[in-house]
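You will see two complexes here that share subunit A, one where it goes with subunit B and one where it goes with subunit C.
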Partner chain A sequence: MSLFWFVIRQLEEIEAMATSKKVITREEWEKKLNDVKIRKEDMNKLVMNFLVTEGYVDAAEKFRMESGTEPDIDLATITDRMAVKKAVQCGNVEDAIEKVNDLNPEILDTNPQLFFHLQQQRLIELIRNGKVEEALEFAQEELAPRGEENQSFLEELERTVALLAFEDVTNCPVGELLDISQRLKTASEVNAAILTSQSHEKDPKLPSLLKMLIWAQNQLDEKAAYPRINDLATATLEDPSV
Partner chain B sequence: MPASASTHGPEDLIGRLSSATDGEAKLKALRELKNQIIGNRTKKFSYIKLGAVPSVVSILSSAVSGYGDGYSNSLLVQSAAAIGSFACGVDAGVKAVLDAGAFPHLLSLISHPNDKVVDAGARSLRMIYQSKLAPKYDFLQEENMEFLLSLLNSENENVTGLGASIITHSCETSIEQKALSDAGILKKLISLLGGSLSQRDASLEALATIFKENPKAISKFVGTESGRALSAVIELTKDKYPRTRLLACICLIVIRNTFPCYLQDVGIKTKLILILLELLDDPGQVGDDAAFALSSLIAEKEDLQKLAFEANVVDKLCNHLRKGPVQAKRFQGILLSLADLCSKLESCRSRLLSLQVLNLVTDALIHDSADVRAAACICLKSVSRSVKNLCAGHFVNEVLIIRLIQLLHDTSTSVQVAVLGAISNIVVDFATCKSTFIQCGGVKQLVQLSKSMDSTVRVNAVWALRNLTFLKDNRCKEGIFLELTVSTLSSLIHDYEPSVQEQALALVRNLVDGCIESVEYVFAEDSLILHAVGKQLQSASKAEVLIQGMYVLSNVASGKEFHKEAVMHELFPQAGNSTQSIIIKFLQSNDSRLRTAAVWAVVNLTFPSSPGAFGRVVKLRNAGIVSQLKNMINDPCLDVKLRVRTALEQFTTSGDGST
Partner chain C sequence: MVNNHKDLIGSYFLDAWRLSSKASADVEMEEEEEAPMELDTLNSSGGFSVVLSDKLTVQYPSVNLHGHDVGVVQANRPAPLKRLVYYFEIFVKNAGAKGQIAIGFTCEGFNKRRQPGWEANTYGYHGDDGLLYRGQGKGEAFGPTFTAGDTVGGGINYASQEFFFTKNGAVVGTVCKDVKGPLFPTIAVHSQNEEVSVNFGKEPFVFDLKAFEAQERAKQQIMIEKLSLPQNVSYGIVRSYLLHYGYEDTLKLFDMASRGTVPSMLAQENGFNEQDDTYALNQRKTFRQLIRSGKIDDAFGKLCDWYPQIVQVDSLKYYIMDGTSVTCFLLHCQKFIELVRDGKLEEAVAHGRNEFEIFFKLAEYDDLIKDCAALLAYEQPQKSSVGYLLEDTQREIVADNVNAMILSTNPNIKDSQDCLHSYLERLLKQLTVCYLQRRSLNGDQGEAFHLHAVLNSSKKG
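Now for the complex of A and B:
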């Protein structure tokens, strides 16, 4: 966060001078960067937040032991959440639903859209496995009532059932429903819902911080030449191009 | 391997629930049931019908008493979860759960040593407390308040959430609000504002419940830590979670509606409007509730309506309607918000009309949901306050009128009342609307409704008839009069509800207004109506009733000699009676409108060119009217002052010169 505010402050200073493009040398820049104090604990918290949200439970456990950073959530719940996510990713949707319900029965009871998407994914898996009759029965028994309750569900249901109408599903207009990406989409929706039910943010903080950095740099580019970070993975400062 | 729905029918599953003898088999059946009903309303209904709930509750109760050979904790968790799911969003489920006696068992789980059991019990109870059917919690009993405090002090967030839900559900009266705030609950709820997501939401809802029409609790809250608590709620309107933002807005709206001096800042008012607009985009319940919150924010507050207009709210709401089928609840909320916006400001009405969404509102008149139909009527009523657009015939067409008349037959009373309101406005002053309305048989239906058992329906029906007779030519008035009949009209004048009396008298006032023939209506059937008016003037106490009655007499007194004498007779029923005439009482009224109406009657009675004026002048003078009028020569109401002068001049002209 502090880095972001630092860049913003730079921006303001430069704006106040209202000159043409200012050049900031690497030396000046590094000197200013050194003045910014970032607490180690805050950095660690950011890392822990990333590991927890993304579900790297082993890494989080190790990191906790090594850095002494306490996660803001019971690590055991991560294992459960990951098991749900994995089940959806592998196409075991029914299993995933049961696991979510064990975790917290409120999630699917109070989240009709997510429940519908999981049921839809179940239907997609039945169609993928060629179980046409079972798929039709499932659509009629389980999904049709949801469609009656909600117009947009009905449209999505129609799109999904359309898969049955094509001989070659991979090349049909709704073929993307059979893509792995559809499973990933559903999996991440479940993941987010579980996180929310645990009062945890559904996205890690780190990526948005990096987005802010890029935004701030782009703003600064218009006013000044300065040592930019182009490679986010290594965070090396490039020499300002004049 | 989990069993799927198709392998075991519901009857089979219920059979296994009640017949399984060992814990493991029971647990398996319970989980299966739970996984089938979660998220699935249809299944909930069918299992409730098949009587699954009592079987589940009996598993719960035997597990509470220790049964379960090592499975008892799991049985508690699974049965509580299944019960909670039955109660979630389905009132029939809540009823079944309560009837089966689950409540005390669930309550006992709160003090269970196992955390998972506590969680499951608290969640289920919270689901039950979200329904209107949940039993009311008695805060006024000391041990109950202690238990509530212990819930709110719990480490377990499901339990604190339960505490807040109990408040939201059960706190209704100001005594209960006071008891809660005296017991230190406010402080506890404020601390929960800094808690987890679910605690924050539950706390915001409970706070709003305690604040409702309770200025004391609000001042206490606003004063807490020099406004830090209020700032915390304002901060939550920017929260990441839509539901939290909505609940924070609702909390602030309750504060503002109860205590208008808070949150006067234009910035925060605009912010509330913008946040609610944005929340309308939420596809779920948050979006539905946002529309209602917006309506309660702007209702009857012109400053907020102006701000909303400037923030383009009319356009945005209309866009939501245009986007295609809207869920009933949201449709209702949007229509009500539009109605509030158009209730006072002509700019909003014109904007709405220019956006051409009126056909959507007209379609809403035949919506399946009675709430939507009523909301559409209320919206039309607001829009039709635009005299400019009504005159220009901008939106009244035959389809609309026919639909409105059809709604007069609606099975829902609230729809009938709402449609009468809309009709009252639409027929008020515009020849084309009136004739269409009459041609389509609207009068007959209004007359029917004027005999309704429901006094709100009755008053609105008479109101509509009153507006229909306003400035109407005599032929049409005659049609209305014949339909209405003398006896109905006089019984409406004698209605036990003063508001009905007022509208009935106003209707008569309109009937006898205009050409001289129309005065004859009150003389039909041995002057039945005129006598009814006179009687009401002698006995009624509500100023509004008296005003309308006096105007009837004024209008009649503008007629021929015979008419004027009849009015005199109503004002002075017994010749030679020494008691004070009602007209003196009215001239002395604190209500300037009643004084105006009374002076008008005197002016019409003493109009100089009519032959009997002299006799009436003498009679009025003897009754003390002239000296009363002289006292009113500098009446604070300009209208009264002016008429008093006219009256006194007429006394001089027609009189014996002794003025």
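Now for the complex of A and C:
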């Protein structure tokens, strides 16, 4: 068989595959959408779960009043959790550690990695504030012993101490440790640990559901052409591309 | 605003009422598919095996002579499809002379004198050699042998499109399921005195099916969690939800708390339709507050002042079910419910006689009025079958209806869908339909998506 005919065959096959996809019109699809009943109270729960998990405590409290939705966690604990998170975000790591221990001493006891990351953050803050001597002392006394227990801790410690070796830390290879994103990373790690200790999921459900939607649409793309929602932010239904 | 749009709003909220009148599990969970319950005693093979009267035990009483006198029994129904995993177990009571026992799945027209796995479109895990047979006389290495005292299970994993088998609670192996159409759980006995009993789930399984399912779901979830979302999209969807339903005070606190943490770019991006989103926000909040605190007269009065077009109907129009009459209907019902709640039964009766009569002429309202009226029959109505009317959700439905009707007076709104559904609801509907559609294009195999189930799943992530 010549190459020409081979290519033609291939093209035909591709075309056949394309046409064998089921096409679902907008009208059919909208009818299916209408048949789906989503309960208001379930949506309220989803929103409450978001407010609670992300720490919007005042909004959660108000939402409870405005919608009658009960939060799935004691709202008072959110305030404490947010105080810890905020302390880390502002660089008051010592304060944060104390607050976590007030909340539940088991959190740090059972979570050596988190404790190490908090101590590491403390070291970073000392270096940021130019307290070189204090930083060295802290690294040697508090962090190095932990590094002996765990190789990855040791590497992290060395990486952090390396900050001291550079005059212009903002342009050094480990400069990212001084970035605000490092604080946010540590803060969200503490946040997650506290939530887990309160037997609450560490992530809100809404983002997972949105990811499920993206996944489900991708999966369905293989079998059918149908009206998609491409822009989650506006939930606009697009016409099926045929 | 075309009237037709208002009608859609009306029927939407009547549906919402009916939905909330049923227990949540009934509505969300689809009809349970019929699963195998017992062994098929009508079509089991021609006398080589005997199914006992419990219809769950098989014996092979005679001496086997050749390959065509196998005692095969299928379940009375094929394995159900609309789930993540189907599973059943057998217990070998007696391995008989040769222990030629098999467990597997077979297609409908399977020749019941042959072992499962020997014929096309059949699969069998055999006890005497531990081999897996799929459609050929020759088996392939699979797992350990099994004999008297062993519990062996067979399952279909619809997510991975695999069969799997277990022995005494542990998975032995999996094999690709390359067959379509109904598959029957099947057991076979083929030597004298063999006896096997089957458990289709009436008794607890030896294998921890729940854990297996959780593990399979987690696998899928890990894949899904790897996908990335546009920045702050969840935040935006929550915000639009609060705007849509007029939870104004929550919104204010939400905005205040997120100032500084969420880039202001988001507000700019959505700036172009911001004006429509905040349409009558404060009034919508007021109505929700009034209705939620049971002050229906006040709500009605304010509606007459601010939005007469929503509640003023000439009496003739009551005969037509349109958006306006539905709003009036819901408010009158709620007033009645509030009176019952306060124990003012005589007043409730008077109110009902005044206001309900006109609605009785329409079949659309009939069942709902009956539910309201039934409240009068109970000394403790909150504990009765119509007790749901006294719950918060009923007030919320009335408040949501008023909210949607006010939104529909916005001259900039083109589609009734915009008054009815928040972005969140549209996304959840899309998600549900995608799952359903994908399943129906996949031979009806697999799970559907149920928001309710997701919300009530285990709390620890």
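Everything that follows uses one rule, which is that the second predicted complex is superposed on the first by the 223 of 242 C-alpha atoms of A that agree within 3 Å, B and C clash if a C-alpha of one lies under 4 Å from a C-alpha of the other, contacts with A are read in each partner's own complex, and residues count from 1 in each chain.
In this section, a residue touches a chain if its C-beta (ideal position, glycine included) is under 8 Å from a C-beta of that chain, and two chains touch if they have at least 3 such contacts.
A quick note: this is a predicted structure, and the numbers were derived from the prediction, not measured.
Novice: With both complexes superposed on chain A, which partner does A:L154 reach: first (subunit B), second (subunit C), both or neither?
Specialist: Neither partner.
Novice: Return first, second, both or neither, reflecting whether A:E141 touches subunit B, subunit C, both chains, or no partner chain.
Specialist: Only subunit B; A:E141 stays clear of subunit C.
Novice: Is A:C172 contacted by the first partner subunit B, the second partner subunit C, both or neither?
Specialist: A:C172 sits against neither subunit B nor subunit C.
Novice: After superposition on the shared chain, which partner residues are touched by A:A225: those of subunit B (first), subunit C (second), both, or neither?
Specialist: It touches nothing on subunit B or subunit C.
Novice: Applying the document's definition of touch, where does A:P105 land relative to subunit B and subunit C: first, second, both, or neither?
Specialist: first
Novice: Report for A:Q113: first if it touches subunit B alone, second if subunit C alone, otherwise both or neither.
Specialist: After superposition on chain A, A:Q113 lies in contact with subunit B alone.
Novice: Output check: A:A162 vs subunit B and subunit C. Expected answer is one of first, second, both, neither. What do you get?
Specialist: neither
Novice: Once chain A of both complexes is superposed, is A:T196 in touch with subunit B (first), subunit C (second), both, or neither?
Specialist: both
Novice: Of subunit B and subunit C, which one contacts the greater number of residues in subunit A?
Specialist: C
Novice: Do subunit B and subunit C land on any of the same subunit A residues, and which?
Specialist: Touching subunit B and subunit C on subunit A: residues 196, 199, 201.
Novice: Touching residues of subunit C toward subunit A in the complex: what are they?
Specialist: For this pair, the touching residues of subunit C are 15-16, 19-20, 24, 27, 221, 223-225, 227, 229-230, 233-234, 236-238, 241-242, 245, 247, 249-251, 253-254, 256-258, 269-270, 285, 288-289, 292, 392-393, 395-397, 400, 422-438, 441-442, 449, 451-452, 454-455, 459-461.
Novice: In the complex of these two chains, what residues of subunit A are touching subunit C?
Specialist: 22, 24, 29, 32-33, 36-43, 45-47, 49-51, 56, 58-59, 62-63, 65-68, 72, 196, 199-217, 219-220, 223-224, 226, 229, 232-235, 237
Novice: Quick one: which bits of subunit B touch subunit A in the complex? Just the residue numbers, please.
Specialist: Against subunit A, subunit B makes touches at 2, 4-6, 31, 34-35, 38-42, 81, 84-85, 88-89, 123, 127, 157, 196-199, 240-241, 283-284, 324-325, 327.
Novice: Write out the stretch or stretches of subunit A touching subunit B in their complex.
Specialist: Per the stated touch rule, the residues are 94-95, 97-98, 101, 104-106, 108-113, 115, 134, 137, 141-142, 145, 149-152, 196-197, 199, 201.
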